[in-house]
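So that you can tell them apart, the chains are marked A, B, C and D in the order they are listed, and the count of residues begins at 1 in each.
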Amino acid sequence: MIENGEQILLRAEGREYFAVAGDEKPMHTDLGIVDLKAVPGREWGDTIASHKGVGFTVVRPRAPDLFRHMKRTGAPVMPKDIGAIIAYTGLCPTDVVLDAGTGSGVLAAYMGIIARKVITCEASEQFAANARKNMQKAGLHNVEVRHADILQEMEKLQGEGLVFDVITLDLQDAALAVPGARKLLRTGGFLATYSPFFEQASAVRAAVETEGFQDIFTITVSEHEMEYSKRGTRPSTRVGHTGFITIARKF
Amino acid sequence: MIENGEQILLRAEGREYFAVAGDEKPMHTDLGIVDLKAVPGREWGDTIASHKGVGFTVVRPRAPDLFRHMKRTGAPVMPKDIGAIIAYTGLCPTDVVLDAGTGSGVLAAYMGIIARKVITCEASEQFAANARKNMQKAGLHNVEVRHADILQEMEKLQGEGLVFDVITLDLQDAALAVPGARKLLRTGGFLATYSPFFEQASAVRAAVETEGFQDIFTITVSEHEMEYSKRGTRPSTRVGHTGFITIARKF
Amino acid sequence: MIENGEQILLRAEGREYFAVAGDEKPMHTDLGIVDLKAVPGREWGDTIASHKGVGFTVVRPRAPDLFRHMKRTGAPVMPKDIGAIIAYTGLCPTDVVLDAGTGSGVLAAYMGIIARKVITCEASEQFAANARKNMQKAGLHNVEVRHADILQEMEKLQGEGLVFDVITLDLQDAALAVPGARKLLRTGGFLATYSPFFEQASAVRAAVETEGFQDIFTITVSEHEMEYSKRGTRPSTRVGHTGFITIARKF
Amino acid sequence: MIENGEQILLRAEGREYFAVAGDEKPMHTDLGIVDLKAVPGREWGDTIASHKGVGFTVVRPRAPDLFRHMKRTGAPVMPKDIGAIIAYTGLCPTDVVLDAGTGSGVLAAYMGIIARKVITCEASEQFAANARKNMQKAGLHNVEVRHADILQEMEKLQGEGLVFDVITLDLQDAALAVPGARKLLRTGGFLATYSPFFEQASAVRAAVETEGFQDIFTITVSEHEMEYSKRGTRPSTRVGHTGFITIARKF
C-alpha cells in the first residue's frame, strides 16, 4: 500500500513524472491533471485517472528512474560505471560509504539505495545544494550531502573515529585524497576512483601504490548497444569512454 | 565483533582463505595452522597468528571474494555484466528476485547480497547442488536454489501468487521464459537476460517486444584494463565479449 | 614538375581546394582568386599567391584528400575499414579488382590508387554517374564505373574470360554475388565483403562457406581517438561500428 | 606464366609453404616431396603433384602470406594497424617511404608491396639481418634494409637531398625523430608513428605539434572477430590494443 508522503513515479503513454503521494498540489500534465491526494492507500501498480481520463500507472521509483530525473550540474557517472563500482567493491546493505565529488549526486544516490549510509562531500556550495534537493526528491534520507573540502573533511571524520567500508572519489585531484581514504577505510574495504582523464588516473594509480593498497586495477568500461531495426541488426556505441575506474583494497 | 559461525576471509602474504569463525577444525595453510576457535570475539580487521607466527588478517567477505571463491560449474557471469544488471535494474534491499539458470550461482549470490530474497532455478541437479553449497559457504541464507525447470517453476510461482521486482534469465532458451517472466513481474519491475550468443539475444529481443515490455535495450559491456609497467602504460582487454544483456521493463 | 591537366590540391590557412593545373577558369576563394594557368611548370610543394597575396601551397592529392573531397551519395566505407580490406587482401599494384556497390566510389578510388585496374559496378544510374565524376575529379583513369546489376555483370565478365585478383562487395544482397565472385577470382585471390548489418554478414558467411572459400573470417574494426587537451588526455570514439568485413580466399 | 626464380606459395590440404620456382633443391613436406624445378613455365593457380601424388596449388604470394611467413624478431605491427597506416597516409605506387624501427620488417614489406621504394632503418644488426632475409624471401627488391641509427641516418639522407612521401616510425623514442622526419618529408607528405605505450604516444604528439605538423590525430584500432559456431554467433577480441597510431601531415 502506498503511504502518504512516499515518492512515486507516474507513467502514462511513455511519459513519466516524479511526485509525492498525498501532495496537496495536483500534478499538471499534458495528459490532464492528476489528484495526488488520491494516491495514498492505493496499491503500487494501480492506475490513477487524470481529469481527462488518462490512466497513470503508479510505481515505486527505482534507481534508473532517479538517474533520469535527478537535476544535473554536470556529466554524471554513467550506469555502466556505477555498476562496475558496485560490483567490484561488492557494495552491500550494511555498508557505510564516503563519497567525494558529489556533483549531481547520481553515484551517491545509486549507492544510497543499496548501502546503509552514504556521506558525500561536494566542494561547490551550489552543487551541494542541488544534490541535497535530488536526494530529498528521491527520498534517500540515508545520503548526507556535505558542502566541504574533502581533505579537511577527511581529517575531521578521522578525528571522529569514523570508519568506512567503501570510499569513492570522483575528483580532479583524487590522488591527493588517497592517503586520507586509506586512513578512513576499514581493513578489507575498497577504494574506487573515477577519473575522466588518463593523467588523473595515472596519478591515482601512483598514489594507491605508494599508500600500500592491494589488489589494484584500473579499467575502462564501454557499452555497445545492439540496434534492432527492419533493415537488420548492428552494434552501435551506446556509451563510449567516460572515465578510468581504479579499484584498490585496504589490507 | 566476529560471532561464532560467521563466514570469514583470512588473508596473509597475498594468499586468502574462506573459513567459518569458531570451526572446530583448524585451518591448514602453507603459512601454518590457524586455530579458528580463537576467532569469535575478535574484531573484524584483527590479525590472528598461525602456529608458525604468520599473521592472518580477518575480514568479512565481500562480493568480489565470493566471486573468486565460489566453486564453478561453468563460465560465470562476470562482474562487469553483473554490475550492469544491478545498475540497470536498480536492484535494492527490498527486492524479491527470480533468477533462472543458476550455474555456479555467482549472479544469484551478488544479487542476494543486495536484495531481500532471491529464488534461483537450475535445471541440472548437479549444478543446483553445487550452487546450494556455494550459497551456504557464502552465508547467503536468503538465496534459495531450486532444482527445477524454469517454465514449470514459473507456473507454480504464479499459482502461489508470488510477484518479483526483478527477474534475471541466463538460459539458452531464455526467450521461452519471457511470457512467464512478464506474468510474475511487478508493474515497474525489470527483466534482465544474459545471452552469450547473438541468435539467443535476438530471440529474447523479439519475445520481450511481443510480450509488450517497455524501455527495451540490448547491450554488450566490455572492459579494458590499463596496464602500468616500467615500460609505460597501455590498455589491454581485461574481459572481452561475454554476453548480450537485454533489459526490459514491465508496465 | 606539375604538368598541365594534373589534379592539384591547393591549401592555405587550413582551407583546401581541388583544382586542375592549367584550368582556364581561375579559382575563386575567400582568400582571393588563384590563377590556375600559372600552375603548370611549377614544382609540387610550391606556393602560388592569390590576387590578395595569400600563398596557396600546391600538393599532389593523396587518398585521404579524395576521401574528404569526393561527392557522397551515402555513407562511404571509412578509412579504418578500407585499410583493413587493403591489408587483409594484400592489395598490390599488379591487381585487377572487381568492386560492386560503388556508392560514392570511395572504396573503389582507394583501391584504384594502388591497383592496376578497378571495375566497379553500381545499380543506381545516378550513383554511378556521381562516382564517375568523382573518379574523373580524382584523375583515376584506371577506375571504370559501370552502371550495371552485379549478377548480370558477373555473368558477362565470366563470358569474357576475365579473372580478378580481388573482389569487393558492398551490397545489401552480397551473399547472392558470392558464387559469381568465386568463378571470377583467380586461385589465391581474395573476396572482401562489407555489410553494415549482422544478418547480411551471416548470409555472406554462409555463402562463402557453401562456395568452398578458405581462410574465412569476419571482423569489425573500431577506432578510438585520443583527445589531447589542456585538461588531460582521454580516448573517445572516433568511429564506432560501421560494418562487418568478411574476408575469404579462393583455392 | 611462372618464371624461374619467382617466389611461390604452395598450398595443399590447409598447409602452405614458401618456395622459389626452379630451386634445385626439392621441397620436403609431410605430403611428399615437390620438385620445384618443374614449376617454371606453369601457370599461376596450377597444381603440382608431390611424389606421393598430393596436389599442391601454386599461387603468387600476397601480403597476408608474407605476414604469416616472415621470420619474426619481436611483435610485428598487425594488419589492422598496417591497414590504418596505409589508408590514412594514402600510400600509393609512386611513393618513396622512409621507415624506422624495422623489426621483422612486416610493415616495411607491406609498404614495399605498394610503394615504389622503401628505405627502412633498424638499430639492431641482428634484426636488420633478419629483416633483409625476409625481404629477399619475399622478393621485395625495392625494400632496402639499413642497419643504422635513425637520427644519424636522417642527417645523412638530408645531406643527400632525399625527400620522402611517407615516413613511418615504430621506435621507442619516436619523438626524437620527429624533427628529422619533418625535414625529410615532401610538402603534403605524411608521418605515421606507432607507439605501444601511452607515454610514447604523448611524447610523439607533443613533438609533432611543436614541429608544426598539421591534420594531427592519434588513434587506436581494435578488431573483433565474429565467431560462427553451431551454438551461435558471438563477437570475440581478435586483436585488442597493440599501439597508438599518430598521423600528421607536413605543410
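One rule holds for everything that comes next: a contact is a pair of C-beta atoms (placed from the backbone, for glycine too) under 8 Å apart; a residue touches a chain by one contact, two chains touch by 3 or more.
Only a predicted model underlies this, so the values are computations on that prediction, with no experimental measurement involved.
**Q** Would you mind naming the chains that touch chain B and likewise touch chain D?
**A** none
**Q** From the mean C-alpha coordinate of chain A to that of chain D, what's the distance rounded to whole Å?
**A** 49
**Q** Suppose each chain is reduced to the average of its Cα coordinates; what separation in Å results between chain A and chain B?
**A** 22
**Q** Any chance you could list the residues of chain A touching two or more other chains?
**A** 198, 220, 224, 233, 235
**Q** Applying that definition of touch, give me each pair of chains that meets it.
**A** A-B, A-C, B-D, C-D
**Q** Which of the residues in chain A come into contact with chain C in the complex?
**A** 196-200, 220, 224, 231-237, 240-241
**Q** What does chain A use to touch chain B in their complex?
**A** Answer in residue numbers: 9, 11, 14, 44-45, 57, 59-60, 62-66, 79-80, 82-93, 110, 113-114, 186-188, 190, 198, 201-202, 205, 214, 217-226, 228, 233, 235, 238, 244, 251.
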